[in-house]
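Next up: the structures, one after another.
One chain, chain A, links the two complexes that follow: it is found with chain B in the first and with chain C in the second.
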Partner chain A sequence: MNHRSGFGVQVLLLAALYLFLYGPILYVIYVSFQIDSIWPFPPTLTLEHHTDLWQRRDYHAALWNSVTIGFGTGLIATLFATLAAMAILKYRSPGSGLVAGLFLAPLFIAPILIGISSLMFSRTVLGMPGSIFGATLANSTYATAFALLVVLAQFARYDWRLDDAAMVFGARPWRTFWEITLPITWPAMLGAFIVSFLLAFNNLEISFYNLGATPTLPTLAWGALRHGISAELYALAAIINFAVFALFTVLYLLLRLGTIRID
Partner chain B sequence: MSNTVRFWLMVLPGTVFLVVFLLLPLIAIVVFSFWRTESYTLIQDWNLDNYATIFSHSAYLTFLARALVMATCVSLVCLAYAWPVAYFIVRYGGRYRLILLLSTAAPFLTGEILRVAALQQILGPIGVVNMALTRFGFDPIEALMYSNMATGTGLVYLWLPFMVLAIYLSLLNFDFALLDVAKITGAGPLRAFVEVTLPLNRAGTAIGIVLVFIPTLASATTSQFLGGPDGALYGNILARQFGSTGTWALGSAMGVVLFLASALALVIVWRAVGDLRRSGIVIKGAPKP
Partner chain C sequence: MSDCMLRLQSVTKRFGTTMAAESVSLEVGQTELFALLGPSGSGKTTLLRIIAGLDAPDEGRVLIGGRDVTRLPPYRRGIGMVFQDFLLFPHKTVAENIAFPLKMQGKSRAETADDLKWVSQLVRLTGLEERYPHELSGGQKQRVALARGLVSRPSLLLLDEPLANLDRELRKRMEVEIRRFQLELGIPFIYVTHNQEEALTMASRMAVMREGCLEQIGDKLALYHRPATAFVAAFLGSPNTFEGDVVGVEDGRAEIAWHGHRFWSRAHDGLAPGLRAVCYVKSEKIAFASSGAALAGRLRDTIFKGQYADYLVCLDDGHEITVSAAPDLCHRPGEAVGITWAADDGDAFPAVGKE
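What follows is the complex of A and B.
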């Protein structure tokens, strides 16, 4: 295989990957605007499924619950990940490896195990029945790993000598953080927040076990899907996918903006 | 205040949080796996019955074996596909690297259930592929609807981004000039890949395999909706213990078995990486890490 043909094969593989990943998503969005959802050709546009969805009261409550879990998880995961990433990169302590291992461990534990173990723990040991709060805590353990990856990747480009410089001029650690570190590195933190928010917002396998009877969008969708796929599910999928891609564009811009690099 | 103290003060909140809400719960299910459940209540009555149940009923082991085969196949497909894709993005992506990479990861954040719903729309009996086939007078493809093939496709769809990401991050630190050296010294593209590129990115590759294998082994939702009546995997049976049957102690023991199976997979993959190093497939004379 010579160089050119290898290149061509790789371009084809990449294109096929995007088709594989985005084909089903784009098709669902297309179908959500069609009257006949089984064989929607030729296209017959309608907004009926979307307006039906907006009138469903149960979806409103579920949306609010999902947003609450996403927001709580986003805050917790971003806070812990940011603190840990700063400590790891700034102080280069021998404990760094151990801490990074603990923070990234959830990546190597199946989500369903995190779900059932936190269910058993909060129910039996903490005496806490399923709730949004419990689901937020369980999701936060998983999301912190992703948040740490995002923040570490971005913080690696920050020059910590800036902090030292501020300290030399007499700034206390908090002031250094507020006036130097935060203004420069906030895109990394917002990026970590977006990723952990989305993970928790859309999570099923961890949330499901910790929610008790509280509905979220993924659990409602799960219940609906058990009775076969329905038109309002297409509308839901279309809206969520659209929102995810909007936030993802923001994430991309934040990562591009990145942290200011001073060489 | 010394830097060591500052370090531990800053990592303390997250560490305490993860110990309490991740590690203690995992330890708790190990403890509960030796208890028993009676009418939806856990009873502290130390015994090994749950493990005896799992290992004496062939049904549990069959589901575990199925999940192991599924996870192995899915990991291998992801591995074979992710390598050229990640390689291409790193080597030729240039200023578009980040957007190309993020585009492979974006669908992951839409959540498992919506991705499964989207796939059902494509693969199911009334999915667009089979509808199109019947429309144009062909026979529908049985393998696509409610089968292990469909579950496998769904799992590759869900977890492939992890493999791409792991190999991508590894290749970012790879010095492609080494390939020119290989070429000058007479190695063809295949030999250069097998003897230079792959060995030097073996850790990233191993991490990718494990990141795909572990969640796939435990998968429940995908097989529930794409696998059909005979498509249940270990994760489905595990989930059932915490749903309708309420046999939490048995479920905990199943969780522990799942965890041990994942840990075993991790060790095997790591050993394979080590063997790769010992087998001498490294650049001769290079210092061994």
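What follows is the complex of A and C.
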């Protein structure tokens, strides 16, 4: 009896926690399909806001810019994170902790500071005006730290002595990576790519400062907010959430697949 | 050594303040199965990694077939290796695992097929080529690891605790097989283990390592029967230890006084009358004697081990001595027994670090 009621409390707690995490997001998705977005009760379904959004040309350009920044950041951050993780875990040395710490430190810097300082740095020191390229680089500083966390977590389970074995059997370092390390650990790198892609794709502060007038989805949404929350924004939020959810499902499946292959 | 295949010259390696190898020199001949034996942490795996090129020595040189390879990376040394835990590539099939060294050498498809066939027959692996490592039993993994180590016909095969993860039955079978491979191929095998049974079974010559130093190197029987250091005497076999005072030294023998008993033993450097000494006598070298026994006591227990038995003899003063002998001796617990051993079967060394 006592045991059963304990179980009921646990289920309730879990449900409450999930509601806390996902309630607002589910609400936005719900509202995006409602005619009255101010007080959407009782529900009256419509696709009107989604079709409206689709017809807004400025959102198309912004989407393309966001994808470009996300893709570029994903590639750069994954490359750097992979190299850093190998340095830290494969070639362990007394300074490995410090090396890892300095790579992870950007996690603790406010993105808005990275935005402002990277803008000032590229303007003043590099003489480079704000551009998608600059925004990609600035996002990469932040995303590399996150990507490194993902790669480190996966690489920690990799047996680096496999690399030793490959080298003894005649594989040069690059060949060793290509033949052994990569085929076993690729889910780590794909995971890092997806995480850094999403970080840059969704980023407002860093991209905003480095891009000037060039829109991305978050900067456009941010700008639109000043004229009140329009119904298209709900639709935008719903679509992005769907896309992110889909990506994370892929990520999860790949990591599951990856662990099966490593064991 | 005229047919010397591997030569280490004063190889030294430090990790921080730990000496993993301290001025190690050794030579291994063309057709030897050479065992490096030592407790864990004695530096034997480090030495193997230095030979393979996976670690670089701080000082000293490594020569393989007369060629100085000290500065060569592992992939240019042309040696084979069998790793602890096998280290098969989990994403490759058995055939791909075994063929990996050939692939790295850029061998043609026909050559690869020939070599694969040859090595699969040698290690008796035929029929498992398309399996993945996780589908294999421990013994099969071991064979794949051996096949991968041998397939490119290396000039030298290194084996790092290759049997540590196998059960006893399988280990005994593989010990015999590895000896067979070594004889058939006629290349030196360097075999690292902490298991003295393995080393004594398989090796022709061996070295005992301790804290980065070679304690003794030589024929395995010499190490077993004529240990040169107290560590080797204590490490090999299961010796009884007697710590007593040196009464006299003459002719390479020392007379030891131990708890009111006196016996002779082979004397090693540094023994002089009045000093403390530790004397090691292997348990199978002690025999029961009805008359002229050196020590008298009562049998406390018999531990049956199958091919032999350990007889625990409790001396009148309470000290216990283990005697290994044939399992069918009809001694009963509590029975009075006398034990003795030849002077040459004891090895006495100066006692160090004790009161």
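As a working rule, the second predicted complex is superposed on the first by the 244 of 263 C-alpha atoms of A that agree within 3 Å, B and C clash if a C-alpha of one lies under 4 Å from a C-alpha of the other, contacts with A are read in each partner's own complex, and residues count from 1 in each chain.
The rule we apply is simple: a residue touches a chain if its C-beta (ideal position, glycine included) is under 8 Å from a C-beta of that chain, and two chains touch if they have at least 3 such contacts.
Here the structure is a predicted model, which means the values were calculated and not measured.
Novice: Taking chain A as the common reference for superposition, should the pair chain B and chain C be classed as clashing or as fitting?
Specialist: Partners fit side by side after overlay.
Novice: Check whether chain B or chain C contacts more residues of chain A in the superposed model.
Specialist: More residues of chain A are touched by B.
Novice: Name the contact category of A:T124: first (chain B only), second (chain C only), both, or neither.
Specialist: First partner only, chain B.
Novice: Could you look at A:F71 and tell me whether it touches chain B, chain C, both or neither (first, second, both, neither)?
Specialist: It touches nothing on chain B or chain C.
Novice: Touch test for A:L162: chain B only (first), chain C only (second), both, or neither?
Specialist: second
Novice: Please indicate which partner A:V99 is in contact with in the superposed arrangement: first for chain B, second for chain C, both, or neither.
Specialist: first
Novice: Is A:F177 in contact with chain B, with chain C, with both, or with neither (first, second, both, neither)?
Specialist: A:F177 sits against neither chain B nor chain C.
Novice: Is A:F133 touching anything from chain B or chain C once the two structures are fitted on A? First, second, both or neither.
Specialist: Neither partner.
Novice: Minimum Cα separation, chain B versus chain C, post-superposition (Å)?
Specialist: Minimum over all C-alpha pairs of chain B and chain C: 7 Å.
Novice: If I apply the document's touch criterion, which positions on chain A are contacted by chain B in one structure and by chain C in the other?
Specialist: none
Novice: Considering only the defined contacts, which chain A positions touch chain C in the complex?
Specialist: 94, 159, 161-162, 164-172, 175, 179-180, 183-184, 261-263
Novice: Which residues, counting only chain C, touch chain A once they are in their complex?
Specialist: So the residues of chain C touching chain A come out as 16, 49, 52-54, 73-75, 77-81, 83, 85, 87, 89-91, 100-101, 104-105, 134, 148, 152.
Novice: If you look only at chain A, which of its residues touch chain B in the complex?
Specialist: That would be residues 1, 3, 6-7, 9-11, 13-14, 17-18, 20-25, 27-28, 31, 38-39, 76, 79-81, 83-84, 86-88, 90-91, 93, 95-96, 99, 102-103, 105-114, 116-122, 124-125, 137-138, 140-141, 144, 173, 195, 198-199, 201-205, 209, 218, 221-222, 225, 229, 233-234, 236-237, 240-241, 244-245, 248, 251-252, 255-256 of chain A.
Novice: For the complex, give me every residue of chain B touching chain A.
Specialist: 3-4, 6-8, 10-11, 13-15, 17-19, 21-22, 24-26, 28-29, 32, 42, 81, 84-85, 87-89, 92, 98-100, 102-104, 106-107, 109-122, 124, 126, 128, 131, 135, 157, 160-161, 189-190, 210-211, 214-215, 217-221, 225, 235, 238-239, 242, 248, 251-252, 255, 258-259, 262, 266
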